[in-house]
Every structure is written in C-alpha cells, then in structure tokens.
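One structure, pasted below without further comment.
Chain nomenclature is as follows: A, B, C and D, assigned in order of appearance, with residue numbering initiated at 1 for each chain independently.
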Amino acid sequence: MTELSNLCLLLVILVNFFALGSSRLTACIQAVALQGAVLALLPLATHGLSSHSLLLAGGALALKGVFIPWLLLRAIREVHIRREMEPLIGFVPTLLLGALATAGAFIFADLLPLVEAHQGGLFIPTSLATLFSGFLLLISRRKAITQVVGYLILENGIFIFGILLAEAMPMMVEAGVLLDLLVGVFVMGIVLDQINREFSTLDTEQLSALKE
Amino acid sequence: MEMLARTALHLLLLLLVAPLLQGVIVRTKALFAGRVGAPLLQPYHDLARLLRKECVVSRTTTWVFLAGPAAGVAVPILAALFMPFGALPAPIAFTGDLLLFVYLFGVARFFTVASALDTGSSFEGMGGAREVTFACLAEPIVLFCLIVLARIADALSLTALLGPHLAATWRGPAGLSLGLVVVCLLVVLLVENSRIPFDDPNTHLELTMIHEVMVLDHSGPPLAMVLYGAALKLMVLGAPIVRLLLPVNTGSWAGDALVFLGGMLLLAMLIGVIESIMARLRLVRIPQVLIGTTMLSGFALVLVLR
Amino acid sequence: MIWFVAGMLLIALSGVPGLFADRHGRGGERLACLLVLAGSAAVAGGVIIALASGAPALLTRPWTVPGGELALRLDPLAALFILPLCLVVGGGAVYGLGYWPQREHPGNGRRFRLFYGLLGASMLLVLTADNSLLFLFAWEVMAVTAFFLVTTEQERAEARRAGFIYLVTAHAGALALFALFALLAQETGSLHFPAAASLAGGSATLLFLLGLFGFGFKAGLMPLHIWLPIAHAAAPSHASALLSGIVLKTGIYGLLRLTSFFAVIPPWWGWTVLLLGVISGVFGVALALAQHDLKRLLAYHSVENIGIITIGIGLALLGRSFGLPELTLLAMSGALLHVVNHGLFKSLLFYSAGSVVHATGSREIDHYGGLLRQQPWTAVCFLAGAVAICGLPPFNGFVSEWLIYLAAFGASRGEGLNLRLAVLAAPALALIGGLAVACFVKVFGVTFLGAPRSAAAATVNHDAAPSMRGPMLALLLACAWIGLLPGTLAPLLQSAVATWVTPVKAVNLAAPLAPLPLVGATGWVLLIYLAGLGWWLHRRTRQAPRDVSTWGCGYAAPTPRMQYTASSFADLLVSQFRFGLWTERHGGKVSGIFPTTREFASHTPDAVLDRVLVPGFRSLARGCSWLRARVQNGRVPTYLLYVALTLLTLLIVTAR
Amino acid sequence: MLAALILLPLLLVPVAWLIPWYRVRSWLLPVAGASHLLLVVLALGGVPDAAPGEWIGLDPLSRLVLLVASPLYLGCALYAVDYLEMRRERGNRTMVPCLLLFLSALSMAAMSRHLGLMWLALETTTLASAPLIYFNRNRLSIEATWKYLLICSVGIALAMLGLLFFAYAALRGGVPVSLLLSDLLAAGPVLSRPWLHAGFVLLLVGFGTKMGLAPLHAWKPDAYGEAPGLVGALLAGGLTSLAFLAVLRTLQVMNAAGALGMARPLLLGLGLLSLLLAALFMMRQGDFKRMLAYSSIEHMGLLAVGVGIGGLATFGALLHMINNSLAKGCLFLSAGNIHRAFASKRLADVRGALVALPFSGALFLTAFLAVTGTPPFGIFLSEFTILRGIFGAGRLWVGLAVLVLLATVFIGMGASVLAVSQGEPTERDMAFTDRFLLVAPPLLLLLAVLFLGLYIPESLRLLLEQAQALVEGGA
C-alpha cells in the first residue's frame, strides 16, 4: 500500500509548489481543494477500508475538498479579486524558498527515528514540507484569502501527520484536526466577511493600521 | 594662679602691642618712600579718637551691622588663647585646638561679610564677595601647613606644634618643608590681613578694594573696633611665623616675651618692605597665586609624608 | 520595644482619621499632628529605654511570606538615626499646621498628612528591620510614600518631573538592593541579617558595589544625587526637611549596616568611599554656590554634607582595614554625629526657608532682601542654621567636623603611604568649609539683609506663625545643645560605633573626646564676648542718626536693584569651578559709550542629570521608538515570519 | 461537581442567547461567575486529586489556575454589568454568550488531564474571545481580531503537531499511544528523545504564542489595545495563565522523561527575550493600553525565566502567576474606565486622571506600582523570590540582566502612567464617572494582591509547593 500513499504524498507536494507559484486566487483555492481530496485518499491508502478510516476520509473530503474551498470561492466572488497582486516576496523566490523548505523537511525528517511500519513512507517529510509551504504562503502573501489558503495547507500538513497515528489513537486526533479546521476556518470566514464589509477588500495591506 | 598670670600676660601683649605693628608697617613704608611718616603710636591715637567720635548708621542696616565689628574683635582675642607667643605657651592647649583656631576666624569672616551686606551697598557686597573667595582659597593652604607641622611634631595642639623641637627640625631633613610652610603662612598672612600684593589697605578707589570696601559705612566706635580687630588679627596670625623663624627658648618668660616682641616688630618691618617693593596684583591674578601657594604647601606635605 | 512599635503604628496611622474629616475643617490636621507627636514621643521613649537597658532590643514574630520574618532590632547605631528622626517628624507635623493648613490646601492636605505619617513609620521600620525582606519592604514603602510627598502639588509640571525622576532613581536603587540581599541570602543561607563581622570573602566585592549603588542613590552621593535637588525643591518645606534631614540618612544607615557585616574590609573600599565623599562634598557645595533657588541650594548642601559624612565613613573603613581602632572610632563617631547634626540643622534651615517662601511666595533668592526686619524670628533661626551648617563654632556642625578632622590627622600617623595619603581629606574638608561659609553668607545676606529687591519682598508683613516658630526654636536649641555640651553625646557615640565594629570596645572614646568640653567652653566664651561687645556697641550707637542712606561711593541715586545679588556675589568663586559646573550665561555684553539696556541671566543646571542622563535617555527612547516601528510594523505576514523563525531557530538549537 | 464547572456556563450560553431582557442578560455573567467561584471553592476543598486515567480532574496546578481565574472572572463579570449598561448601543447578545463560553472553556482547559482535551479547550477560548475583541465593531477592532485569530490559530496548529509528536514519541517508545497526562508521565523514560524534543519545541512555540512570549507576542498589543478593558483583563489575567499552565503540563512530561535540562534553556531564552522586548518597547509608548500589553509580555517573560531557572524560581513563578493575573485585572479594568472617560487612550489626549476620575485614577496608579513590584503588594514578593531563585542557582548575570530590564520597564511604564494620572485633566466625556460596579471589582482585585503581599496562607504555600514538585519533582 505504501506506493499508493507515497504517490498521493508526492501529489500533495506538487500541489504545494503550484500554490506557491500560482498568482491566480481561484487556481490556488482549487489546488487546495484538490489537495484536500488527495488527502482524503490517504487514510484509505494506509489503513485500508475500515469504518474508521472511511469516516476520516469522508470528513476530510467534505471539509477540505468541498466545504471550505466553496466558502473561499464565494468570498472572492463577492469582492471580485482574481489574482494576488504584488506579493511581498516574488513568485520565483517563493518557489525557491519552497524548494529549500521541502529539502529541509526531508533532512529534518531523517533525524527522527520511525517505527518499522512507517519505514520508507514519505509521511513525515511530506507533512513537514506541507507545513512549511503553508507557512511560506502565510508569510509571503498580502491577500487575506491567500493567507487563509496558506493556513489550510499548513493544517493539511498536520493532518498528514495525524493519519500516521490514526489507528494508534482512535478518533482523538482526527477529531481534533477536523474540528480545529472547521472552527478555525469557519470563524475566519466570518471575519473575512466582516473585513469585507468594513474595507470592501480583502487586502491585508489595509489591515496594517495598528502599528507603532 | 600662675595660669591666670600667664593668660593676663598673653592678653596684655596682644592688646597693647597689636596697634604698634600697624605703626611700624606704616613707618617702614614711609621710610622707603623717603618720607618721615607718622609717629609709631599714631594708630593708638586714631583708635582713641574714633572711640570718642559720634557714629552714623545707614537706615538699611540692622543689628547684624554691628555684629561684624564685634566678631572682628572678639575672635582674635579668643583665638589668641590657643596661639603660643614665641616660646610662651598658649594659655589653653588641647588636642585639636588648631582646628578651633582656624574655624574661629571663619566666624569672624562670616559676620564681617554679613555686616557688609547689611548696608545694601553694591560696593560692600563686592568686597564681601572677594573676601570670601580669597579666604576659601587660603583655607586649604592653612590646613596643609598645619598638617605638615602636626606631622613633624606628631601632636595636634598649636602649642605642641610650635614647641621647642622646631630648632632641631630646621637642621633636620624636614627643614625644607618647614621653610615652605613659612612662605605659605606668610602668603596667608598677607591675604588674610589684606595687605599688598593682594589688597591695598589705603587705596582710594573702591573698585579695587577688598577689605576696606567692606567697612565703608562703619564710623566712630564700630570703625575703631574694625581697625583694632584687624591689628589683633595681624598679630595673632603673625605669631606662628615669628615662632617658626625664631625657635629660641630662653629659660625665662621675660626673655621669651622680648624675643617674641622683637620678632613681631621684624615681621612688621618685613611686611612694610614687601608692601613698598611690590606692586598690587590684578584681582584675577590673586586666585592663581593662591592656588599656586596651595600646590607649594601640598609639596611640603608630600615631603614629610613620604 | 512595645513603646517603639506602638509609636510607629501611631505615626503610620496618623493621617488616616483625617481622611474622613471635613475638607476645610481643622480637626483632621490637629488630630494627625497630635498622633504624630504622641507617636514620636513613644518611639523616643522606647529608644531611650532600650538604650538604658544596654543590650539591643529585639522583637521576632513569624511572617508567612517566603523567607519573611518580622524581626526588629533596636541597637545604638539605629538609635542614633531614630532620635533625630523623632524630633524632625514631630516638629514637621507641628510646622505643617502653620505652613500647610488644611483650609489653604483642601485638595492635597489630607493626602499629604497620610503619606507623611506613612513615611515616618516606614523609615522607623527601615532603621530597625533585622530581616532583608522586611528591610526591602520598608525601604520601598518609604520610597513610594516619599514620592507622593514630592508630588503633593502634582498640578505643577516641576513637581511631576521631580517626582518621576525621584521614583525612577529610587526604584533603580531598590532593584540593586534586591540583588544585594538575594546574594546576601545566598551567602548566609537565610534572609535574616547576619551578625556583625560575620561575613568573610565570598562575593563581598559585588555586595559592596551593589550596596554602594543602591544606598548611594538614596543618600544622594555624587554622581547619584540627580533626584535630590529637584525633589527637595518641589516638595513642601517640611517634607523637604524630612527628605533631606532623614530620608537621605537611611542610605547612610544601609551602607553602615552592610559594611558592619563583613569581617575584613579591603583598603580600596575605604578609598572608594572617601573619594566619593570628597567629590560629593566639593562639587555639592560648588553647585550650591551657583544656585539662586533657595530650596535647590539647600538641597545641594545636603549633597555636600552627605559627602562630609561619607568622608568620615571612608576614613573609618580605612581604619578598619588597617586595624587602627582609634582612627575608626574618631572617624565613625564624627560621621554619626554629623548624621545627627545634619538632620537637625538642615531641617532648621528648611523650616526657616519655608517661612520665607511662605511669606514672599517665591524661591528666587534674588527676589528677597531686607527680610530681617519683618521676619526677625526666621532670620535668627536661619542664621543659627547657617552658622551650624558651615561647621562654625559654637554650633553642632563644628563638633562633628572636628572629629572627622582629628581622624584625618590621625591617618597621617599611620604607617604606609596608602593610609597616610588619607590625610588629604583634611584640606578637602577645609575647602568645603570655606565654600559653605561663602555660600551661606551669600544666602543670609541676600535674603535677610540689605534692601528688598522685589515688591514681594518689600510687602512681606508676617513672620513665621507660632506653630512654625516652635519647631524651629526646638531644633535651634538642639543644635546649640550639641554644640555647647558635646560631651553629653560621647557615650552614645561610643556604643553606636561599637555596634558597627566590635574591636573599638577596647579603646574608649574618653581620651580622644576629652577636649570636647573645652570646645564647648570656647563656644560659651565666644557667645559671651560677642554678646558683651555687641551690647556695648549697641549702647554707644543708640543715639546715632539713623535716617541717612548707605554711602553710595559718590553715586547719587542708588537703587535696591543695584545691590549685589546672589549670582553676582558667587560669580567670582563659581568661575574658579567652571570646569565642573558649566554655568550657562546669556547676554550681558555691554558695548559702546552709551550702552542700551541689556539682559543678563545665568543658571547652573545639574552636571549629571541635565548634561548626561536626560539627553542620553532621550536618544535611547528615540532609538527604541525606531526599533518598535520596525518590529511592530502592523503586517500579519511579518508577525508570522517571527513565529516561523522562532520555530526554526529552536528546532535547530535542539537538533544540535 | 467538576463537570458542573464546565457545564453550568455552557448551559447558560443558549439561555443568554434566548432571553430578551438586556439587563437580565448582563446579570447572567455575575451569576455564572459567582456560582463558578463557589463551586471552585467547594471543589478545592472537597474533590481529591485526580486518579490516573481520568480525563477531567484536579491537581495542584489546576487548583492554582482555577484559584486565579475564577475570582478574576467574577470581578470582570461584575464590571461587565455596568459596562454593558453604558454601552447599550453595542448590545450584549454576543458579548454575554461568548463570555460564558469562555468561562466554560477556561474551566475545561484548567481541569483536563488529557493534553488533547486541553488543547481543544484552549482553542475554544481563542475562538470565544475573538468576538469579544471585535466588540467595538470598527476597522481597528476587526484588524486586531484578524491578527489575533490568524496568529493564534497558527500557534495552536503548531501545538497540535507538537502533541502528535509526543504521541509518536510514545509510539516509537513502544508503549500504548495516549495523550492522557498520567500515561505520558508513566511512559516518560521510554519516550523517544528526538520526537520528544521536537514536540516540545512545537508545543512551546504554540502555547508560547498564546502566552505572548516574544517574539511570538505580535498579536498582543493590537488585541489588548482594541479590546474593551474587561476583555483585556480576562485575556491578560486568565488566558495567559491557561497558556502558562499548558506550558507547565508539557514541562511535566519533559520532567518525567528527564529532559528538563533541554527544556529549560529554551524557556529562559524566550523569557529574557520577552523582558528585553517589553523593556525596549515600553519606552515612550504613546498608548497606555498597548503599554499594558507590553507589561503583560514582560510578566510572561518573568514566568518563563522563573520556570527556566527552576527550584525556588519556579515557586516564585507560580506565585507570580497568581499576583500577575489579579494585578493585571485591576490594571486593565481601571485603564478601561480612563479610556472610556477620556474617549481616548493616547497619552497626548489623556491627562490628570487622578482629578478626573479619583477612584479609577488612583486604582490605575496604585496598580501600576503593584505590577512593577512595589511593596506592600504581592508582586514584590514573587519577583524577589524569583530573583532569589536565580541568584541561588548561581546565574549571576541572568539575575543582573533581569534587574536592569525591570528597571528599564519601570522607567518606560512609569513615564506613561504618571503622565496619564497626574496633572490638570484634559477635556473629557463628563457623562462618564466612577460607578460602583466599575470601581469595586478592580479595587477588590487590588486588595487581593495587597493581601498576598502581606500574608500567604499556609494552605496556599503548601499548594504552591506541591505544584512546584509536580512540575519538576524528582528532577
């Protein structure tokens, strides 16, 4: 089964790069939706068809693949923003940094000893790489929407790691992940709405009045 | 009984001889100027007349105005009790009396300047300012000299400081610093008694005066006390110099008294000579001279400390 | 001890009932004054009982805070600080009735009295605490209450600035003491004060330096004196008296307590203290000479006197490190006596200065003149205080300086040049004394003598109120008592020094202090002389014509404005110290044959505070604002970058 | 009874939502707070320490936190009544339910013996407090909310990953995976080090963000500056204590694994950094509520330093947590009053609070003195104890550095506070005056700090010692 999961994971990493590189918001969001869908495959790929992993997959698909992307798309449709104008760091540098981060993730992952079952899996490096990519997106973009996307990717990274422990800690972790994701992004959605109402834009540049 | 006799003699010497010194100084200067000059006893006549005269008091003044002359006379008389006259020991001597001696003159200065300020005259204020300034700078010199003497005598009372050991000291290694001390004390004497080159007692331009300008408003008996106080001060402050220069102990007290008197007269003449041959310093120079003298006394101290 | 504690509580609570009294009534302040008086009396009684018993009085109760213990210790050393405190605190309360009456200050009178009482009590606690925590506790309470006294008139910007700077310096010093006592606790294993001469080696040097910093701030040792002039100037006069007379001394007390703990004293401690003392003394008085704000001037004289005290302490420390008990004894008793004396005559001066300020409504000396006619009582009290602070006989200042002089001379007899050189303290003292005379002649003359220089001074119509006069006279008597009967204090001094360092028990103070009665006697004689001569002169000049004006040296129309002012009087002397004072002069250049009107102003800001610290802190603050604007730039991405960087750094640190 | 602590406020949430009467809804808060405090007092006495395997239970640490948080909450709740009365235009239909939810989550976070559960509760507190920060409904408040939400969510996500790392450490160690505290502590020695260390770092960063340690503090000045005074008080007094508790929990695990030696330097470093940053940033701070935020950062730094040193310093830090929460409560509430009265929080516009608002101004000034460690207030004791711990541990330079920074903090903070409180008052909103319920709660909190400065009950001392033993016992 490892091959399948590794395939998915590679896909995930590719999606990270796409998100880092693309300037079109819609594309970004769709990419994240794709990533969510892929993640939904993972539990099945690793733990086979158990009720528990099915539920996990379903939850992931519903939330990461469908609901939240829909929420975000709706948001950008309201404020008519298509693309991420002048990011804080250019796209190419971002990509380079992303590559560095991924490499770093792989190196770091080698320092961490694994249990036999997970030997040869790409779970740890991928989750870390995804985490870092999310961070990178958060740091390098101006638009609030993009930052939410970054947050989503970051969460995906954690979710990937959670899958490893899924059967070791039944229900606990994933409940945490899903709930956190749900509430977090849901509330952010609300706030985005408010921001939109106040500023009629989702550019966080507007959101830098509070400074020294 | 014997104690009382000594004290009486001490005070009599002081009270009677002091004005004479002024006479001697004036006479010496007159001789240098090729004049006959006033009789030696002229100061006594002046005092007597002033005491008889009426006086005028400015309306701005208060009782402080009179406190100045009073302190000016009271302090030297009191201070004299700690100061040996030549080989004659002081009536009162105890460890640390030298500080009392120094600070008593501080009291005198305080009240003299206060009474000058009491008149509210800008000139007298100016005089007071100069007086305290130069006194401040002279104070450390005195202390340095006293420390040198105390270190040599290994005692802390004036009588012991100026004891019979001085004759030997002149010949000893400490002789050099003793010489420096004499010079410094002489400078202090001239400053404290406002003589040339630091001040001119009988100039006529108020702007150049120091001590005289402070007593402009005093007249009659108060003025008499001021003059008398000045004379007493000269004698009391001159005594140590005489003792340092003539450290001889004839056995009898009469002999000692005569030696001392002779010394005082010589000192008076010396002052007269200095006043005749030297020009008056510019006011701004005076602090520099005093600081230089302080260095000198400090050097003397270093010589004996090592 | 019970009396002491009771009195302390009375003083502490003296201001509380007044809070519920009427804003304009007199009941509150009267009651507060009564309580303070009763408290001071009880405290003094308790101290005297404790002294009579011979052994130090102890009181120990558990206190459940970590390391805490309610341990009080009342020994002669503390007593020597407490007795003047009682006098000044009690006197100040009475003085306040006339100087700061509730009906004239409905806004802040009650607050003032509340903190006044608290300050007095906290100082008593500081002086008797036997446990580091309790000491720090009382110390900080003292600092804060004093702050509220300084900012009594917090609507005035000057008072606010003074209060802020005082609070900051007090807190900085206190933090140094935190470190000091924490380290001390580490040395001894408990927060209880160690016994005298029980500490050896360890971090002694660090402890000493911390103590010098922390206590030096409170004592106003140059260059840590920055808070002192402005605070004294801003506070109401009886608060200034308390600050300058007593609060500063707690710093000295702390230094003494600390040094008493150590078994061995390296010579460089003594030298450091001595040097600081000389610097404070000379520059304190020089700065004072350059001032023309009456209370600021007096404040700088506090720096000077702290310097004199510190010189004594330095000599005593040297005596200890070189094993000369007699030197130690003389120097330390001189220092301690000067602590008492300064407490007395400085309060006297502040009280009389307060009476002048109260009458003229100005602190500018150059606005005064001829006040002696309207304020004879104040003038006499000020004169006595001035003579005392100049260290002139027949008042108390001379006695303590005399002891320190003797100690300095004694140092010259010691073997080894590094001790003998200490004799140079004597000329320094002489210089300080001379400058002090100059300064106080200036103040007394310009304030009380001559002709009024301003309308305010000309229209003064009242002397100090009886309630202000009483405390002034009491202090005057105390000064005269110590000056004329100094021998009476010898035993107390001896035992106080013995509590500081044990070996001097062997030497007895009698031999070195034997001349004290003679000194007193000389004072008597001097007084009699002056009285006699003065009386005679008075009789001779009674019928002298008094309607003439001062001889103007031929100038036809002299005006009061032509009199020498404080500034011009001091100018010649101040110019000698220009290297250290940097007096600022504006205008004053006249040119041409018929010069037009010219303005001239000169003032001497504080060398340390206004020249170094304020600009330094201003630029530091500017730098901080710049940095803050960069770091806290309002962009979420940047903030998240910080998070990411932290994460990476920590991961790398741990992975390594 | 413990369940009641969580459920009672939770049940009141819908009630508060549904009932139509404004004032009654406001009064729900004190009711909840009072009953909560009552239950806490009963629980402290009655309920024994939690047995292994329980998900909800008490131990000395949680007792301490409850002891702090509950009175603080009651104070804020009382304050809220009059505050909401004055801000009727804002309405309280979101405020009150959120505050109730906050209380419930707070109790859960304090009592949960399961790291996952605790994490969940902390997340809930974040979400519940977001609308509170947004109370004023203007651009600035929405911006503050956004920053708070985003940064804290990232932090909490990292904490989640850290928990997973801990779990994996257990998996790797070959023991049944569980995030139950008791299990983790039992499994301590066998936990796999690399995972443990990495997990600790993640948790430290995560909870540190919530705690507001520099440089993870960035959301603090904005959130505290824009939130109403009582929310600021709850965040600075309650939420930070919870975050600190979370850090202590992870320390417990590290201690059980014998890895304190690795954990402490990190805490010490972050703590000193926070002190430094607070000290520098308080200099000439033109906005007194943001200044309070920096002061909170400073005190979090002190806590971290104390724990980072260990021993007596940890004891001091735990005591400091109590004092700090209470003092901060008073400070924020009185600052809120001044802010309302002058309708500004810029130093340029606010002068003479002592005259304008005699009570609030005096409280503000006194609370400043208290929070900067002036006797007779408790913070003096705790700071001095921490310092004794530092010097006792032979960390001379750390101690001196802390002292210098504290002095700098005092200068910066003092300048602002004195400028606000002293002088002739500037023109202000006369409608606002000291009301009883706006002044009494901060006063009570201040009195509590004063009490802790004069007397520490034997039971409290024991509790603190047990808590300290819990964090680093046997290590």
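The criterion applied here is as follows: a residue touches a chain if its C-beta (ideal position, glycine included) is under 8 Å from a C-beta of that chain, and two chains touch if they have at least 3 such contacts.
All values derive from a computational prediction rather than experimental measurement.
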item: Number of steps on the shortest touching-chain route linking chain C and chain D; value: 1
item: Intersection of the contact lists for chain A and chain C; value: D
item: Whole-Å gap separating chain A and chain B, where each centre is the average of the chain's CA atoms; value: 100
item: Chain A-chain D separation of Cα centroids, rounded to whole Å; value: 31
item: Distance from chain D to chain B - Cα centre to Cα centre, in angstrom; value: 78
item: CA centroid of chain B to CA centroid of chain C, Å; value: 36
item: In chain B, residues with contacts to at least two other chains; value: none
item: Multi-partner residues of chain A (each touching 2 or more other chains); value: 111, 135, 138, 147, 204, 207-210, 212
item: Two or more partner chains touched - positions in chain C; value: 625, 628, 631-632, 636, 638, 640, 651, 655
item: Chain-chain contacts as defined at top; value: A-C, A-D, B-C, C-D
item: Chain C-facing residues of chain B, complex; value: 54-64, 66-67, 69-71, 73-75, 77-78, 92, 94-97, 99-100, 102-104, 106-107, 109-110, 113-114, 116-123, 125-126, 128-130, 132-133, 135-140, 142-144, 147, 150-151, 154, 156, 206, 216-217, 220-222, 225, 287, 294, 298, 301, 305-306
item: Residues on chain C engaged by chain B in the complex (per definition of touch); value: 369-370, 372-373, 386-387, 390-393, 398, 401-402, 405-406, 409, 412-413, 417, 420-421, 423, 426-431, 433-435, 437-438, 440-442, 444-446, 448-451, 512, 514-515, 518-519, 522, 525-526, 529-530, 533-534, 537-538, 540-541, 544-553, 558, 560, 562-564, 568-573, 576
item: Residue ranges of chain D in contact with chain A within the complex; value: 116, 119-120, 123, 127, 130, 134, 138-140, 142-147, 149-150, 153-154, 156-157, 160-161, 164, 167-168, 171-172, 177-179, 192, 194-195, 198, 221-222, 225-226, 281, 290
item: Chain D partner contacts - residues on chain A that touch it in the complex; value: 111-115, 131, 135, 138, 144, 147, 151, 154-155, 157-158, 161-162, 164-165, 168-169, 172-173, 176-177, 179-180, 183-184, 187-188, 191, 194-195, 198-199, 204, 207-210, 212
item: Chain C to chain D touching residues, read off their complex; value: 63-68, 133, 136-137, 140-141, 144, 151, 154-155, 157, 160, 163-164, 167-168, 171-172, 175-176, 178-179, 182-183, 185-186, 206, 617, 620-622, 624-625, 627-628, 631-632, 636, 638-640, 642-643, 645-647, 650-651, 653-655
